[in-house]
């Protein structure tokens, strides 16, 4: 494939999944004729029919709950939640049913449901359209949670998630939908982190929309003579702690970045694990850069609220000062 | 009956085929040709289900079960609905449909695990087309709708082939009718004309809340607002339950879409073994409902109209004794799960980090054995 | 109209008091004695609301607003409902009720903040008895029911005192009718006989989903299933909307409980300025609905039946020009919020840890100023 | 007051709140005649009437959503969620409305809603009746989250929560409902942690049901000659980090205990904060003891799943070994 936008890569990945397995179906609000508000399912209903790609009534609990029933019947539903802030009406079905039914049945029932959630801010949207709820799901046993940061991962990870016999919450960094990139010929393991930029002085871990920002920060740090390693977590739950620890054992310093509010965010878990597993390697405390502990603000404030290259650099500098 | 009529306003719109006195009555829309042997077999179901229920309560008192949700008084509704199911049909119970489980050939012992605390259910819904019990009120009604969507996609509706056409039976309670999930399920079923039958057991109570807390009109009215038929039956009349559910399931299989059945019945026992109904309802109310007992009326019919002899009833008694013994000894024999099994079946594919937790815990547990040794 | 009738099946059960051609018709249940001046004033409302809407769309194109949800075509429903409100009544809008905001004397500029991104709403619902716009579909209908529960507890229902009795008007869309929250709101309103009127603007579309995706029967039918009256009105007829909403609000204030009004109308514009309706609906459909324009019919009535002169229409034109200018310049003048304001109003009482975050961020920001200086 | 059970203390606290402010109302499933399944609202409907203490229809989103409307009308609703596992149908209203409306209105509207949740395990219950969802709410900006561990705090904290103009998620450790204790004459600040047992060798932080277990562990550790400081967090969000840091600066060691699954739990946030703020004081990594990353198990397994005195001691020993 020549370079494609992430949106297109996801679309191709979904198409492939529909071709590979007749049990795969795509359901959600406006995923049919419209192709989704972000056009991720563009053309799929036309090519695979209304039985396999269809619009649902407007109710997220209904979308997830009926997906559960379809899974019990042997289907492999891919649910689209239109925006991050609208997953909550379906939270009960996700937490108490999707996450628990395999366990409740002592492994008799599988829940191969993929829940796609365009997430994160930076697109100048109104309230509820820019949130990062990944930590809620990462804290929910029984779910797997991943996020792609580039078109290649988007293409492969969505297929791996759909093929997974476990429920996967698939977070798509909506502000990166239109960034182009090459698509690799082979996928990396779904739950493995990736060192996207090797470095010696400090490690910056990010995922989804923040990977590009972290790389930019690393580039800027270079000018100040700092050699920053950047890791794309890719999988939020399970979390590839080993890759991060290995890096920290070399760099001695770690900064975690995500858009979600810092407190009780994914960065907290990573910090807790690394300070335990790399206790003697850390030359500075694990520092976190994230959204503030406030609701996602009005869009004219989002540039202040969201982690930026400068805020990452500031954290890296503070880390290096230890 | 007069007292009863005071307690429960007469429902002209309530389908009844067998009166509390055991008199067989006809209903124009629900002719039921059923043999006496079939009615005897329904009687057997009713008695055995009640015995299983009674035994489970005893086991809870003895500390063998942590909890039990009794279906006493609702056996007629459940056995009628359960016996209306065809082999391909799928059922989605709440946590109280022990009578339906029975009709689906689920060994009572399979139900006991979650109440004993040895598992969370643990059975395979496909084994008996009987879904896992669902405790979160209303959630299973969306699963039923989704399953029905799958049935439609499998081309198993309206083909006319009895070995292919499939319907889904979703159970919920009067309290559940207030949950968003139940109403969303109605939206899906109506919009997609799904082959699902909703069976609401209005047992008059949601723990301590009378049905009037949920609705000021009969619950079966709800369906019309969504655009499909709703009907109320005498939920203590196994024949009405059988006839009406059978017809509704037929319609579903034939592609005529959903139906809501409200079985007007009564929860004779506490909500669960942890509940104390004396705080919120009068014994007199329960007494009144005793007069409508779902089993007595069948027994009266068989004795008076069919002339079934004592030996038949005695044989059922013996069978239910045996069943009670099976439940008692079987329950006590249910093995406690292994400590490390908590890590099993969390995912279809265990994660490395969970494996790490399991191994660490295993090592931790061993440290004690060593001390012990 | 003939085309229109093809596009929209004639609804015998749809209340209409002013035909698309501007002919005044009577409805037995909804007599409306209204003076010509009152109709002229409604005309003024309709024109100004449309102008505000049109101007906002222009501002979005110019990049002054991030988004706008147009109410074009729904002005009749909204102005009728808005003008039916009494001073004590409370209204709970979605994000599209700009016409109701207007009737509640909300300065259009107040609405622009959240679409410009300078705030998330920011107004006080008590100022104009107009709740904040709610974006999460259906959520506000439960807030309306809860508010109505407060009204009841305040003894502000059925006292007969017009300065005391209060009703609540809850808006939602055809798509929202599928949400659990909306149906749970119906449950509460029916069970508690709450003084709430549900006003559903069925504008035929939920983004790209036609109303048939949500329901196979008219949405007003939903109410009967919960035990309260539902009625459908011509949503492009401001007089029908006024008369029917007024009566429903009266009933609510008098303690006669909830009503569901389905205003049968059409979303003439894209869902929002980000939407592309060419992907899912035909221009012909929109054309057909143009023939039912809510403003044209009033203008036709005023011209033909009342003989209103050109000067009246010209004066409204001038006023709407002035309004447009107010919206344009006012919008551009809306101040950007201060960076540190993100920390404000998170809690009524700011926490020490948030204060810490704010101070750290302030120091961080200063470090740049120093560099800059 | 002579020693009372926590259940009674909560009942008295609610009674006091109803007496002090006519706008306080109590709503939920079975809170009226029955007095709640745990009898926490016993007798309150009888004494304050059905307008102020009432049973709602069976729907949690409806309970929270109508409470929001009541708050807009000027009331101070206290909602009871019957069991931890049943809060999720109301999650959307809590996260997108209760937590955000004050912010959405630029401070014009207050949301003085208290949501009481009996939580945690150890009572041999069936599925969904033993969960610890506090981290979901702690990660939600705009909410305040607290948990009482003893009758005195129960009595005072419930009143403080109801009096708070901010929404408070009030977690009640159901397995401690029947434990008796003295009620103090004066309350401590709602969001302040408390050192419940001073010690020099290591700090154990817990809240709610785990405080008693932590104290028991500290007692047992004494026999091995270890002097353990135990802190009752009391407030989960905001979190009184200062008190914990001050303790760790003395002991150099920290173990955090909660019933919730360890990963992405409250312990992660505390670990992340402490390793940053007490970096040079820590002689061992912050260790966490909590539920495993699995759904809450069948009750016959809960004793294995839940943190016990032994598992806490094991962690303390590991910490001391560094």
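Letters are used for the chains, namely A, B, C and D, taken in the order the chains are written, and counting of residues starts over at 1 for each.
FYI, a residue touches a chain if its C-beta (ideal position, glycine included) is under 8 Å from a C-beta of that chain, and two chains touch if they have at least 3 such contacts.
As the structure is a prediction and not an experimental result, all values here were calculated from the model.
Asker: On the document's contact criterion, could you list the chains that touch chain A and likewise touch chain B?
Answerer: In this structure, the chains that contact chain B and also chain A are C, D.
Asker: Relative to chain A, which chain has the most distant C-alpha mean position?
Answerer: Max centre-to-centre separation from chain A belongs to B.
Asker: Please report how many Å separate the Cα centroid of chain B from that of chain D, as a whole number.
Answerer: Comparing mean C-alpha positions, chain D is 36 Å from chain B.
Asker: Between chain A and chain D, what is the gap in Å from one C-alpha centre to the other?
Answerer: Distance between chain centres, rounded to whole Å: 30 Å.
Asker: Suppose each chain is reduced to the average of its Cα coordinates; what separation in Å results between chain C and chain D?
Answerer: Centre-to-centre distance between chain C and chain D: 41 Å.
Asker: At least two other chains touched by the same residue of chain D: list those residues.
Answerer: Residues 56-57, 59, 61-62, 85, 88-89, 92, 96, 100, 103-104, 127-128, 141-142, 239, 263, 292-295.
Asker: Which chain B residues touch at least two other chains?
Answerer: 119-121, 136, 178-181, 184, 187, 191, 213-214, 346, 353-354
Asker: Hey, which residues of chain D end up touching chain C in the complex?
Answerer: Answer in residue numbers: 25, 51-52, 56-57, 59, 61-62, 64-75, 89, 92-93, 96-97, 100-110, 112, 141-142, 144, 164-166, 191, 238-239, 241.
Asker: Could you please specify the touching residues of chain A with respect to chain C in the complex?
Answerer: 29-30, 32-35, 37, 55-59, 61-62, 85-86, 88-89, 124-128, 262-263, 292-295, 297-302, 304-305, 310-311, 314
Asker: For the complex, give me every residue of chain B touching chain C.
Answerer: Contact set of chain B toward chain C: 177-181, 183-184, 187, 190-191, 193, 212-217, 221-227, 230.
Asker: Across the complex, what residues on chain C touch chain D?
Answerer: Result: residues 119-126, 131-132, 134, 136, 139, 141-154, 180-181, 184-185, 187-188, 191, 344-349, 351-354 of chain C touch chain D.
Asker: Write out the stretch or stretches of chain A touching chain D in their complex.
Answerer: So the residues of chain A in touch with chain D come to 61, 85, 88-89, 91-92, 95-96, 99-100, 103-104, 127-128, 135-136, 138-139, 141-142, 237, 239, 260-261, 263-269, 271-272, 275-277, 279, 284-288, 292-295, 322.
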